[in-house]
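Here come two complexes built around subunit A, the first alongside subunit B, the second alongside subunit C.
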Partner chain A sequence: MELSEVLPKYWYNIVPDLPRPLPPPRDPKGAEFSRIELLNKIMPKEVLRQQFTTERFVKIPEDVRDRYLQIGRPTPLMRAKRLEEYLDTPAKIYFKFEGATPTGSHKINTAIPQAYFAYEEGVDHVVTETGAGQWGTAVALAASMYGLRSTIFMVKVSYEHKPMRRVIMQLYGGQVYPSPSDKTNFGRKILSENPSNTGSLGIAMSEAIEYALEHGYRYLVGSVLDVVLLHQSVIGLEAMNQFSAIGEEPDVLVGCVGGGSNFAGFTYPFIGAKIGSRYIAVGSAEVPKFSKGEYRYDFPDTAGLLPMVKMLTLGKDYVPPSIYAGGLRYHGVAPTLSLLLEDKVVEWREYSEREIFEAAKIFAETQGIVPAPESAHAIKAVIDLAREAKKNKERITIAFNLSGHGLLDLTNYQDMMVRYS
Partner chain B sequence: MELSEVLPKYWYNIVPDLPRPLPPPRDPKGAEFSRIELLNKIMPKEVLRQQFTTERFVKIPEDVRDRYLQIGRPTPLMRAKRLEEYLDTPAKIYFKFEGATPTGSHKINTAIPQAYFAYEEGVDHVVTETGAGQWGTAVALAASMYGLRSTIFMVKVSYEHKPMRRVIMQLYGGQVYPSPSDKTNFGRKILSENPSNTGSLGIAMSEAIEYALEHGYRYLVGSVLDVVLLHQSVIGLEAMNQFSAIGEEPDVLVGCVGGGSNFAGFTYPFIGAKIGSRYIAVGSAEVPKFSKGEYRYDFPDTAGLLPMVKMLTLGKDYVPPSIYAGGLRYHGVAPTLSLLLEDKVVEWREYSEREIFEAAKIFAETQGIVPAPESAHAIKAVIDLAREAKKNKERITIAFNLSGHGLLDLTNYQDMMVRYS
Partner chain C sequence: MTRKLLVSYMTLGYPDEKSFIEFVKGADELGTDIFELGFPPSFAKYDGPAIRRSYEDVLGKYGDFFSLIRKARDVTDKKIIILTYLEDFVDNLDEFLERLKESGATGVLFPDLLIDFSSDYKVYINKIAGHGLDPTLFTSPSVPDRLIAEVAPLSRPFLYYGVRPTTGVILPISVDALVKRVRSFVKNKLILGFGLNNEDDLRRALESGADGVAIGTAYIESFENGGLTQALETVKRMRSILDEYS
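Showing the complex of A and B:
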């Protein structure tokens, strides 16, 4: 099969296939301004249209497909044979390797179409916020691919202590400001109150939105929203084609959950096609949103600037502990995934940092790939499933999404090695 | 074409196809011990046999082919379309991306067969030295793939200041010692003379060889020797299959040169098959071995423990400046490549650090991949060639080997950004 045949022509939208209607986003009662109206002003129009579409399949623009090919899509679907041997399991284990893209994670899959739709509108500048830098890196690259300028507000504590992500964004031509910054009214206000404020994702997002609004730029969003999950479906659609080419079908599909976009991107096409019988979302035991979260309307962002959505949440003001899998510290779960968890279509597991460190080490030694600490959560679940399959003598096929590599997380592993070895 | 069809069944050895016989390795006159005899004691027997073979094609063991597939070989051959557009050149530019393997460079291509041949002999432990860590990482992974233990002597200054490479070796299960260490007589002697000695590649190699000898382990070698170049030919052989599948043929082939193994691995199969008309080796202007080196017998290693070979060399005691492309600081050029340079079959170019930094930035912005600083030398040559093609209105096809990605070199880029921006 040619690469361009593996790459889908349409993204898949699970909204029309949900077991019941998705509760719509809404503005908070008595709000002083409309968040939904705000989205209209800052997001590329086509992105916003896709955010609210109920079409099952949304065409991927040819130009976006070309860029997907340029960044190395389709990513490989690999069999983890040596992990199987190590576990001495009758289960087959496959993984989709999103770390094979140049920015090292799945984030680029939505950054490219969002940048494209901004470019198509004639806008020449995109803006976003980033915590550890994974999303900002994807935006900087996607912007450079369309000749757009990019401005990224990076949480100051990361800007100062995780400079490598900043360097890669700058190599891609991105303008990176530590947030709070003096580039926005909001940033200046924070700084005047406390010049040594080290920032937060909420502050950075507020700055990015203000900056986009003031200059007429477009704001790009990295996770949680339906449109992001839609774009990420390229992962699962490719995997379906790849499984079909080798005559296999997965029984169990596994992914880690930060906001939910890599998990949804990988599993939703299989759920929609009724392939597989179990779908397992994996989170951090230190950020227990599956076991302790409530299903209710909440803000998807800590700044409270986006419309409220109904989701599983620990509360927008929840302060997560400082775990190494920074991408899993998010307080909520994407609305469609929350609904599927409520309705038991999707199962969940939570693992501690010590457990996922051990799983990461086993995976590195057997498969040679250092996984992102976030992805190591999925690996831990897969190891447990494969051991259960051995106990039950089940010849099942397990597939998981390796959402990113860990080459930019080696300082984290160094610390974990000291802590857990 | 199936992946396993792209992957060759034989490695290619250029020795029988050289324009004249390769001057043989030899012991220094009046040596107190035979270096050739030493190789017999520490290298896996089949590796040594391959080092001295004059067969044109050497069979790749099926098991090694399987491992090649497991680490993601064949690596992609990609067209650098956006770089072409940026340069507005009539030339087509292709690159082979060796950074797609899990250790991020081509080094794994020879680590796997060397570990395999050690394993086949019934040895359960391999030893090597490493400077910045690229080679040690490949050995640690290859060893783990065969269930072997690995011990890596890492130059102390790198061990202390470049801890990320140490962490990745440890994640692969490698035992890493800072060298000079207290694990060998040689290391203890050095330390007793100067406890704060920060080490050198020569010291680390001496320790690795002593350690292998004393314990009956096998020593693995990372570059320069003919057998390493033989194993690296998998790069060029795959590329030939990939070019053939798309109905293209490169006119000019380009690679950077540290010891010469990635350049040779990429270009030799094309030279042997008489495909292409120009082969361009690229070095660092700060380590001017092409322009200032002499073609004479010299030690390939700074410790003087290996047999002397006839090669282009700045002298084994040459002290290179501290450039960011650590892999290009080597004092010599592999014997076969030296001969091909002498006989003008291969051309050379040398570029300054400032020039290659600019090239790396252009490549990152256009193609989205941060190249290793070593590989950025090849990119700079390609950019110049494409500009010359524009001037001369030549519709040529240029191909280069992107020997590694730069995600573990971001601190280097950060420093270069400050220095050259």
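Showing the complex of A and C:
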């Protein structure tokens, strides 16, 4: 099979295949303006059209497919044989390695099409926010691929503690501001209340949207919205082709959840095709949105500039603890994934930082890849599943999405080593 | 070709009783096939800004909205479907449906039925039918195909398909693709709504197989800009577009 044949020609949208209707986005009661209407000024038109599409399969533009090939898609589907041996399990373990892209995570899969649609529309400048830095890096690269300028609001705590992430964004031509910043009204307001506020993804998102509106730029969205999950389906669709090429089918699929896009991108094509019997979403015990979150309408951003969506949420004003898996600190879960969790189509697990550190170390020692701390949550679940399989003598096939590598998280790992060793 | 249906929406009593009645009367004469009248809910969660404004406008003005249905009934013979949210009436549904029936309504449409009450929707449909009213079902792109196919035969006198997430707000969508897809498994009359006041979309909807359209926001905005005369002008314009395809 040629590499280009593994790369799908269409993205997959799960909305038509959900077990029940997806509650629509809505404006809050007594709204002084329509947030739904405001989306027209925030997002590129085609991105917005895809956000509300009902088509099961959406064509990937040729240009986007070309760029996917250029950044190293399809990414490898690998068997974790050394890990299997280490665990002495009858289970087979496979992983899709999204860390193999130049930006080191799955985020580039949606940054490219969103930048492309902005470029096609004649926009010359895109804006976004970033927490740990993966999304900002992906946007900076995708923007430069299309000759667009990019501005990235980076959560201040990461801006200060992850200077290397900032350097990559700057190398790609991105303008990076620490958030809260003095560039927006919202940032200034937060700073006036507490000058030492170290920021959150919700605040950075609010700043990015305000900045885009103020300057007539377009905002690129990194997770949570259906359109992002649609683009990320390239991961699962490739994996399906790869599994079929080796004559295997996974029984259990696992991924970590920040907003939900890498998990959904990996598992939804399998859920839609009814391949596999268990789908397991893994979160952080320190940001317990699966166990403590409520399924209700909430804002995706702290300032409330986006329409409300029905999702599992800890509340838009939730202040997450400073765990090292920055990508898992977000307060909500994508609406389609929330619904699938509510309906028990998808199961969940939550693990503490100590547990995931041990899992990351085992994976690094056996497979040689340092996983992103976010992805280490998925690895921890896989290790547990493989051990359960051993106990029950089950010859199951487990597949997980290794959403990113952890080579830019080494300071975090160093801290964890001191803390947990 | 068969006649394309014009479903005209108006908020009960908007903008005042006299203009409301004149609107129903005039819209009937200008070729409305079915009326949809909005009964103000406590929170019009799936409606856009214009319809929300109209609800706020009438809320303090009347003690009794049922009498407005009766007065509308007096000036039109067309079907009257009452549009409101089930969550407000779920605790005294029988009484509410009975009063609607007595007031001359022929059917009821709850936009939140399949979204917020999806596991029990059949119970509510049976209740509505049990009171001699037509259950008109609201579906949208976020309703799974399987469910649309399942509920379509239960919906009378047509199946309502809202193409956008909220009323009156124009977001870029592919109306033709949406309609063709639903048309392929919906056999009953298919009426499109939600943001169809834009003529391009309206034409594409009709070309793709819709049996008619529901217009609401365009009338409210016409009322806001030019009163009853302009609202009735809009009815006339919508009818003439529909007639091109009839």
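Just so it is clear, the second predicted complex is superposed on the first by the 397 of 421 C-alpha atoms of A that agree within 3 Å, B and C clash if a C-alpha of one lies under 4 Å from a C-alpha of the other, contacts with A are read in each partner's own complex, and residues count from 1 in each chain.
Following the convention adopted for this analysis, contacts are C-beta pairs under 8 Å (C-beta built on N, C-alpha and C of every residue); 3 or more make two chains touch, one makes a residue touch a chain.
This structure is a prediction, so every number in the text was calculated from the model and none was measured.
J.: Applying the touch criterion given at the start, work out whether A:36 contacts subunit B, subunit C, both or neither, answering first, second, both or neither.
T.: Only subunit C; A:36 stays clear of subunit B.
J.: Regarding the shared-chain residue A:18, is it in contact with subunit B (first), subunit C (second), both, or neither?
T.: second
J.: In the superposed arrangement, which partner chain does A:104 touch: subunit B (first), subunit C (second), both, or neither?
T.: first
J.: Which holds for A:54: it touches subunit B only (first), subunit C only (second), both, or neither?
T.: In the superposition, A:54 touches subunit C alone.
J.: Quick one: name whichever of subunit B and subunit C touches more residues of subunit A.
T.: When the residues of subunit A touched by each partner are counted, B comes out ahead.
J.: Is A:173 in contact with subunit B, with subunit C, with both, or with neither (first, second, both, neither)?
T.: The answer is first: A:173 touches subunit B but not subunit C.
J.: Go through the superposed model and pick first if A:46 touches only subunit B, second if only subunit C, both, or neither.
T.: It touches subunit C, and subunit B stays clear.
J.: Output check: A:145 vs subunit B and subunit C. Expected answer is one of first, second, both, neither. What do you get?
T.: The answer is first: A:145 touches subunit B but not subunit C.
J.: Do subunit B and subunit C land on any of the same subunit A residues, and which?
T.: none
J.: In the complex formed with subunit A, which residues of subunit C make contact?
T.: Residues in contact with subunit A: 43, 45-46, 48-49, 52, 114-116, 118-119, 139-145, 147, 164-166, 169-174, 177-178, 181.
J.: Please name which positions on subunit A make contact with subunit C in the complex.
T.: 15-27, 29, 31, 33-34, 36-37, 39-40, 45-46, 48-49, 52-55, 307
J.: For subunit B, which residues count as touching subunit A in their complex?
T.: Touching subunit A from subunit B are residues 70-72, 76, 78, 81-82, 100, 102-104, 141, 144-145, 163-164, 167-168, 170-173, 360-361, 364-370, 405, 407-408, 410-411, 413-414, 417.
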